[in-house]
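Think of it as A, B, C and D in the order they're written, each chain with its own count starting at 1.
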Amino acid sequence: MPMRQITLISTGGTIEKTYDEHAGILSNRSSVVQDMLRLLRLEDTQINTLQLMQKDSLDLNDADRQRILDAVRLVVGPATDPQDDPLTDPNSCRGVIILHGTDTLCQTGEWLHQALKDQLTVPVILTGAMRPFEMKRSDALQNLNEAIFAAGLLAPGIYVVAHGNALPFPGPQKDRERGTFVES
Amino acid sequence: MPMRQITLISTGGTIEKTYDEHAGILSNRSSVVQDMLRLLRLEDTQINTLQLMQKDSLDLNDADRQRILDAVRLVVGPATDPQDDPLTDPNSCRGVIILHGTDTLCQTGEWLHQALKDQLTVPVILTGAMRPFEMKRSDALQNLNEAIFAAGLLAPGIYVVAHGNALPFPGPQKDRERGTFVES
Amino acid sequence: MPMRQITLISTGGTIEKTYDEHAGILSNRSSVVQDMLRLLRLEDTQINTLQLMQKDSLDLNDADRQRILDAVRLVVGPATDPQDDPLTDPNSCRGVIILHGTDTLCQTGEWLHQALKDQLTVPVILTGAMRPFEMKRSDALQNLNEAIFAAGLLAPGIYVVAHGNALPFPGPQKDRERGTFVES
Amino acid sequence: MPMRQITLISTGGTIEKTYDEHAGILSNRSSVVQDMLRLLRLEDTQINTLQLMQKDSLDLNDADRQRILDAVRLVVGPATDPQDDPLTDPNSCRGVIILHGTDTLCQTGEWLHQALKDQLTVPVILTGAMRPFEMKRSDALQNLNEAIFAAGLLAPGIYVVAHGNALPFPGPQKDRERGTFVES
C-alpha cells in the first residue's frame, strides 16, 4: 500500500490545554500532539505535524485565521513540480487536520470554506475536544482518531469531525448545551 | 439530526478476551462491548448490540459463520413493512459492525462478501484487535471507534476497518508479521 | 482478620478539582472520593467518608479549620460507651485521613497538632495532590493509597503523607519548587 | 532529607506478565518494573532494580529460592567497609522489595524468614499482583506503591504487602477464593 500523508496543524484550544502545577490552572503552553499520536496504531500513514500557534480559540483574531488559511494553502496548494510534492500525489495525500478550540471552530471553518471551497483536492478537517487530552475521560483522542480516519474517506471539502460525526461546511455550529457540533 | 442506528454483533476474538484471575489466563468468557461503548462519546447514534457467540476465531467453524451471516441478513434484510424497520430508512440506518478474532476475520469477510455482495444497502464492517481491550495500550477501542465512524461514511459493501484503514472485500488479508490487515 | 475502619474527611483542594466543560476551568464542585476508592483493592478495610467542604485550600479560614478539627475530634474522640464505638476498638480503628489542598495543608497540620497532640490514639493523616485526580499522570490516587496504607502502620500523631513519605507534625512544609512536602 | 535507597528484586510472576501479540498469550518475557516506577512520584527515594529471573512462581524450584535468598543477603549483608555501602547506612537504607508470583509467594516468604529472621536490619517485602500490570484495573501498581511506602515504615522482618495490608512472616497465606493474602 502506498504511504498516506496527513498534515496535522495545531492551533491550541481545549484539546491541547495542559495543567500548570505551580499556577494550578489549565492553559495552552505546549502541544500534546505527539503524546496523542503515540497512543494510536496507524498503518501506512505518515502524520506531519505543524505547531502553528497555542491559543484559546476565544482569543483567535482575523490575523490568526489568516495564518491558518495560509498554512492550509501551503500544504494543499499545487506543487510547482509534482514529483517533489507527495501531497498532490493522489495515492498518498489524504488531507489536512486542524486542532482548534471548539468555541470558534465553526467561524474558522466558514472562513476556510469561503476561501478554499472550489480549490480543494483533499479534505480539510477541523477537530477539537470538550475535555483536554490531559484529563481522564477526554474526547480528545477519540476525535483525533476520527479525524485521521476521516481524512482517508471524505471527499474534498471543509469539515468538522467529532463524536462520531463528520459535518461539512457551510453550516455546522457548536451546540453549547450538549457540548458537541450540530448541523444548522 | 435524525438518530443513526448501528448494530454491533460480537462473536468473541482477542478484542473481547478477559483475564481470569483464578486460572491466570485470557479467555472469551464475557463481552466487554458495553465497557468499550461507555468510553466513546457518540452523538445522534444508537448502537444496538447482539452478543452472538464468544469464540476465539481459530475455533469458528462453518456453522458459526452461517450464524454470523444469518444475523447480518436479519439486521440488513428487506423489511416487509418499511415503516417497521428503521434499518432500511436511509436517514437512520448506518450499517453493521462485527467484532471478530483477527486470525480468521478475512475468511469470514470473504464468506459474507460472496453471500451478500449484490444485496447490501449499508456497509458491513468487520473489526477486531491485536491486544485485548482489557490490556493497556490496546488497539480495541481505536478500532471500534473507527468502525462506528466508518459506518456513517462507507458505501454499501463488506470491509475490515482497523489501524486507520478501511479495506473492502474481496482482498484483505491479515499480515501476521506487522499485526495488521493489508490489501492483497 | 478484624475489619479496619478508616474515616476519610474531604475538604476540597487540587486533588478533588473537576473540569467544568462549559466554563472550561477546574474547580471544586463535587467530590471524587468514591471514584478514587473504586480504583483501589483494599481487603479487610472499611472506609467511612465525610464530605466536609469543597474549597481551594487558599480560601480556608479559621472557621473552616475549626470545622476540620471538630470533625476529627468527633471521629477519634472517646466514646461514652466503648461497645458502641468501633473507632476506639484497638482492633478495628486505624485512623483518619484528611484530603486537603496542598498550599495550606501544613498550616492545618500544625493547627491540628497543637490542638490534639496529647490526645490521639490513632494517626491523623493529611494528604492531597499536585495534579487533580481527574488528570492523567495525577499523584492523587498514589497519595490516597499511601495514606490509607499508612493509617495501618503509623503511631498516633498528625502526619502529611505523599510521594512515598510520611512526615510527622510539627515541621513539614510544602516545597513549591519541587512540588512536594519536606521536613523543615 | 537523606536519600533513601530501596532495592527491588524482580523474579517474574503475574505482576510482570506481558502480552505476546503473536501467540495471543500472557507470559513472563520481559520486566515491566521500569514502566511501573515511571508512574509513581517518589521524593528522596532511589530505587535500585535487580532483574533476577522471569518465572511463573509455580515454576520456582529450590535452586531459584536459593538465588533469591542469596540476592537478599547480598543487598542487606554487612559491608566490609561501611563507607562503601549505602545500604548499611541507617539514614539511607530502607529495605528490599521482591516482586514474586502470588501462588508460591508465601513459601518463599517462609523460606526467607527461616534463613534471615535474626539477621535483618531492614524490612524485606514480598509483593505481587492478581492481575498483570499490563491489564487495566490491575492491582500491580497499588501493591508496588504500598511496598515502597512500607519499606520506609516497617521494622526489620519479612512481610507480604498487598491490598492495603502488611503481614509479617511466619504465617501469611494466599486466600485463593478472595484473591488476596491473609494471616493464618
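What we mean here is this: a residue touches a chain if its C-beta (ideal position, glycine included) is under 8 Å from a C-beta of that chain, and two chains touch if they have at least 3 such contacts.
Worth saying up front: this structure is predicted, and the values here are computed from it rather than measured.
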Same interface as B-D shows up in which of C-D, A-C or A-B, over half of contact pairs matched?
A-C
Please tell me the distance, in whole Å, between the geometric centres of chain A and chain B computed from their C-alpha atoms.
28
Approximate Å spacing (C-alpha centroids) for the pair chain A, chain D
46
Gap in Å, rounded to a whole number, between the CA centres of chain C and chain A
42
List, in ascending order, every residue of chain B touching at least 2 other chains.
130, 137
Chain-level touch network, classified as line, ring, star, complete or other
ring
Hey, which residues of chain A end up touching chain B in the complex?
1, 39-45, 130, 137, 139, 142, 145-146, 148-150, 152-154, 163-166, 178, 180, 182-183
Of all residues in chain C, which touch chain A in the complex?
14, 19, 21-22, 24-26, 56, 130-132, 134-137, 176, 179
